[in-house]
Amino acid sequence: MGKVMLEVRNLKTKYVTRFHEDVYAVDGVSFAIEEGKSLGIAGESGCGKSTLALSMMGYYFPPLHYMSGDIIIDGQNISGMDPDTVRKTILGNEIAYIPQAAMNALNPTQKIIRFLEDVVHAHDPKATKKEIREMAEARFAEVGLPLEALDKHAVELSGGMKQRTVIAVSTILNPKVLIADEPSSALDVTSQKMVIKMMRQLMESGHVKSMLFITHELPLLYNVTDDIMVMYAGQIVEKGTAKEMVFDPVHPYSHGLMGSILVPEEGTRGHKLAAIPGAPPNLKHPPDGCRFAARCKYATADCRYTSIPEKTFGEGRMYRCLMGIDELKEVYSHE
Amino acid sequence: MKNTIKQVFHSPKFVGGFVIFVAILLTMIIYPLFNPGNPLQQVSVGTFARPGTYVSLYDATKATSNTLRLPDADEKRVAASLSAEDRVAMVEYFTTMGIDISELDTEDTDALLQMWDDNYDPSVRPKGMTSAKVNYYKRLNTSLQDLKSGDTLVIAEEVDGELVESKKITTTDYVRTGAVANVKTLPLGTDNFGRDVLKELVSATGTSILIGLIAGVVATLIGLTFGLLAGYVGGFLDDFIMFITNIFTVIPGFVLLILITYSIGQEQRGAAVVATVIGLTGWTWTARSVRSQVISLRNRDHVNLSKLSGHSLIRIILTDILPYIASYVVMAFILQVSSGILAEAQLSMLGLGPQTTKVPTLGLMMNWAMLYSAHTNGSWWAYFPVILVITLISFSLNLMNTGLDQVFNPTLRD
Amino acid sequence: MKGYRKYFGKKIFWFVLTFIAAVILNFILPRLMPADPVASITGKLAGGNTDAQAVAQIYERYQEEFGTNLPMHQQFFKFVKNAIHGNFGLSFSQYPRSVSDIISSAIGWTIALQLPAILVGWLLGNLLGALAAYIRKGFDKVLLPVSLFLSNVPAFGMAVVLLVVFGVYLKVAPTAGGYAFDMIPHLSWDFIKSVISHYQLPFWSIVLVSIGGQAVGMRSMSIYELNADYVKYSRFLGIKDRKIVGYVFRNAMLPQVTGLALSIGTMVGGALVAEIIFSYPGLGSTMYSAVTSADYPLISATTLIITVMVLIVTFLLDIIYGFIDPRVKAAQFE
């Protein structure tokens, strides 16, 4: 067992809307990532996976609000910290983020090196410009960017270059946890491959200690991360290693999702999570029972009204369903 | 379509602007029903009668009176006829007489008169006072005593060359306003020509809005035609139209307006002509925004389908393009109306507005008020309501526009 | 570098083209009209003179002076040649002063009044707009309607209100002229003091009017920028809020430079009318007296000068914008 880099315990966060109706977007999520490991989170859009990414950083902007739970980074609990300390010591330093639309993530009117200076100075005001340039040049070389790009404005870079620049900027301070929120969804196949290769490389070289990869494209996860979690309506419904999750999904939702994918190949595009008829529940008023019950082929009356416990089995696997594993396997075998 | 309108009416900004604008329009329509007649008719002789209710003095003396004994009537009467200069002169008298006036409030008529009665002595001639001044104080004293004693006025009529007393009026005689045959309320007084300002303002607002609408229609039609042609046909036509549009964008429309309206000459310059000229110089914005919208539309599937089906250019534009740019055109139109009203006002201020004798417009009212120095002689009613109305019209139109913008461009929504 | 040259080449080409078009319009518009300006001037000057021969003489003299007896194209070249030499003929209303003399004494006042006023209004408006976008709640609710309302007060209306409130009632500033009427322009402390006190009301009336419009534009621009992805990204990298607001402000403000370039023509129009209210000795008042006294050469020259000034300012703003906003560089220079 490696050292635990990030541990999240029963995290709950909500969006407060204009009419003060709360939307419980992350509702009791727990997991951990060890040093050198990567974890993938998959789910339909709106299942709360992006919100989970934002919530894990411990820094909240309205309308997102923290409710309860712990976020522990390398033994340090950041959930109770005052926001300015989090900003100064954690954000961008211990835990870094690669946003969904990397194309627009850079300020168009600022030179890249100026932005890097701002990033480093936010955590280490004493760093000199020379030191920062050296750090930046090393990282740019590592992700395969020309050094001239440092003195350019974001608008002057191509899409692929912007993507690499964002990765370089996010990891400039060697974070313990890197959260990547669908970093490749807007790219073509070759760029996607490149991005994934680069992120693996950063892990291997030890510049990034652990990684969280959020996506709706399953093939991507299978080839990139060690473990996979499936999220549905603000909760984790199943967790396991990438191989287990793809070839032996237990939860009816994961089963439905994975069912359509046969042999995923690295970088295969187009295999979006299989469409399961129906829509997720309204998270303003989450149902008491199983949140997936309304769309589940095997749901019974019990499923709708009983609260569903997390069940563990095998080597650290978890799922959230009333039915037992054998029961589920039995049903699947008849399909 | 119905849904869009519903959405638009959910925008508080749009509704706010709409309510103000409709209120102005309703006033324009309803007010003349209560107060019909020619707005340019002169009702008062002399310039700038103050706002208020005017009671016919002649009719009032003829009306039957009642006797009312009101405790503060005498004081009010004296206070009203004691001018500010008189008050200053009285204080001056006290100081030359060496009387302590540190406690005196010159606005307190009672105290002032009390002090005057206590201290004025017509037999004393203070040192250094001219005899003219002494006589002035004597006259002032007489009129003050007259006012206080409440002399009876005698109304006399001329019969066969002799005055015959017909009526006596005492300070306690009152006439009910309803009993007087002629009472006229001028809520905003009269202007420099003696016209009823409120009536004129209502009529001017109508004309100005009409000018704005004509200017808006002209500008929108030109801009729409140019924008559609440039955007849809493209090629040389696009280059040519954009060339013209660019030039007209940079040359101030205001300057063109001055040149054209001046060249037309006062005699030909009716409200409609001025409005058309304003429209002719203000179409560039519409042309630009329509063009860019059309360019983004012209390769959409439904347009291509129509092209393949062999529909005519006019049909494609009417059914496949116009409905999609309608919201932009409406927004541009609203702005054109508002800037048209402002342009008329500015032209009129320069003396280049519509011919002055035919119709009142907001700009012309403003121009006249300034020419007759209403702003320096305290006649606020001649210009302030005009500024307020121009601002309110323009405010309401822009508010509606902002509301529409937020509905159609969701990134701007709060 | 090649990109820059191409960009500026294009801008200069447009500037020259618009300039020529402006001169042509200025020349041709009055001549297209059915009314004969020379005839109407002659009519005014001849007054009650019924002697047909004398009237014809006056008419011919003016025809000669304006060159209206020449064919159109010759007239145009004569007009251009004279204009280049700063010769716009003699004024009718202020005879025998030359038009260029009148204009050169007025132009300084207009530039000194309008340029700083529009710039200050632009800056203050942008600051308020950014503030409104950043603070939003409450502040925004009050400031936005007020700005919207202010931006809709016509420039002359604001001028009159300020004049009445501060000049007539409070008597804190003089109401008319560019300096005390009993003074002769010269360099002395008293004169400068008089100029500054006369400057206040016209200056603030233009500033107040331009603040509103700019604030409203800047507010929506800033809201748009505040929702941009780079703001979120910068926050999650731990960059201070104050620094991020700096990014947003800069990015929102840069397009406002173009906004200023595009609206400067309209703003100058409003400000010229405000000058009239204060009898400020600038081009607005000159134009007004020219219109009221039918001084045709003066009107034509004033409009031309105003057009040229607006063109130059627009051109300069365009050039500056190209330099300061890398987005333009990326879009235009390639």
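Which chain is which? They are A, B and C, in the order written, and residues in each are numbered from 1.
By definition in this document, a residue touches a chain if its C-beta (ideal position, glycine included) is under 8 Å from a C-beta of that chain, and two chains touch if they have at least 3 such contacts.
Note that this is a predicted model, so its numbers are computed, not measured.
Student: Once every inter-chain C-beta contact is counted, which two chains account for the most?
Tutor: After tallying contacts for each pair, the winner is B-C.
Student: Tell me which chain's centre, taken as the mean of its C-alpha atoms, is farthest from subunit B.
Tutor: A
Student: In whole angstrom, what separates the CA-based centres of subunit B and subunit C?
Tutor: It comes to 26 Å between the two C-alpha centres.
Student: Whole-Å distance, subunit A centre to subunit C centre, using C-alpha means?
Tutor: One centre to the other, that is 55 Å.
Student: I'd like the Å distance between the centres of subunit A and subunit B, where a centre is the mean of that chain's Cα atoms.
Tutor: That pair's centroid distance is 63 Å.
Student: Hey, which residues of subunit C end up touching subunit A in the complex?
Tutor: 228-230, 232-240, 243, 247, 250-251, 254, 325-327, 329-331
Student: Using the touch definition up top, name the residues of subunit C that touch subunit B in the complex.
Tutor: Result: residues 14, 17-18, 21-22, 25-26, 29-30, 32-33, 35, 37, 40, 136, 148-149, 151-154, 156-157, 160-161, 163-164, 168, 175, 216, 220, 223-224, 227, 262, 265-266, 268-270, 272-273, 276-277, 287-288, 291-292, 299-300, 303, 306-307, 310-311, 314 of subunit C touch subunit B.
Student: Give the list of subunit B residues in touch with subunit C in this complex.
Tutor: The touching residues are 243, 246-247, 249-256, 258-260, 262-265, 268, 338-339, 342, 345-346, 349-352, 366, 370, 375-376, 378, 380, 383-384, 387, 390-391, 394-395, 398-399, 402, 411-412, 414.
Student: Once bound in the complex, which stretches of subunit A touch subunit C?
Tutor: Residues 54, 57, 59, 61, 87-88, 90-93, 96-97, 99-101, 104-110, 115, 118-119, 122-123, 153, 155-156, 166, 169-170.
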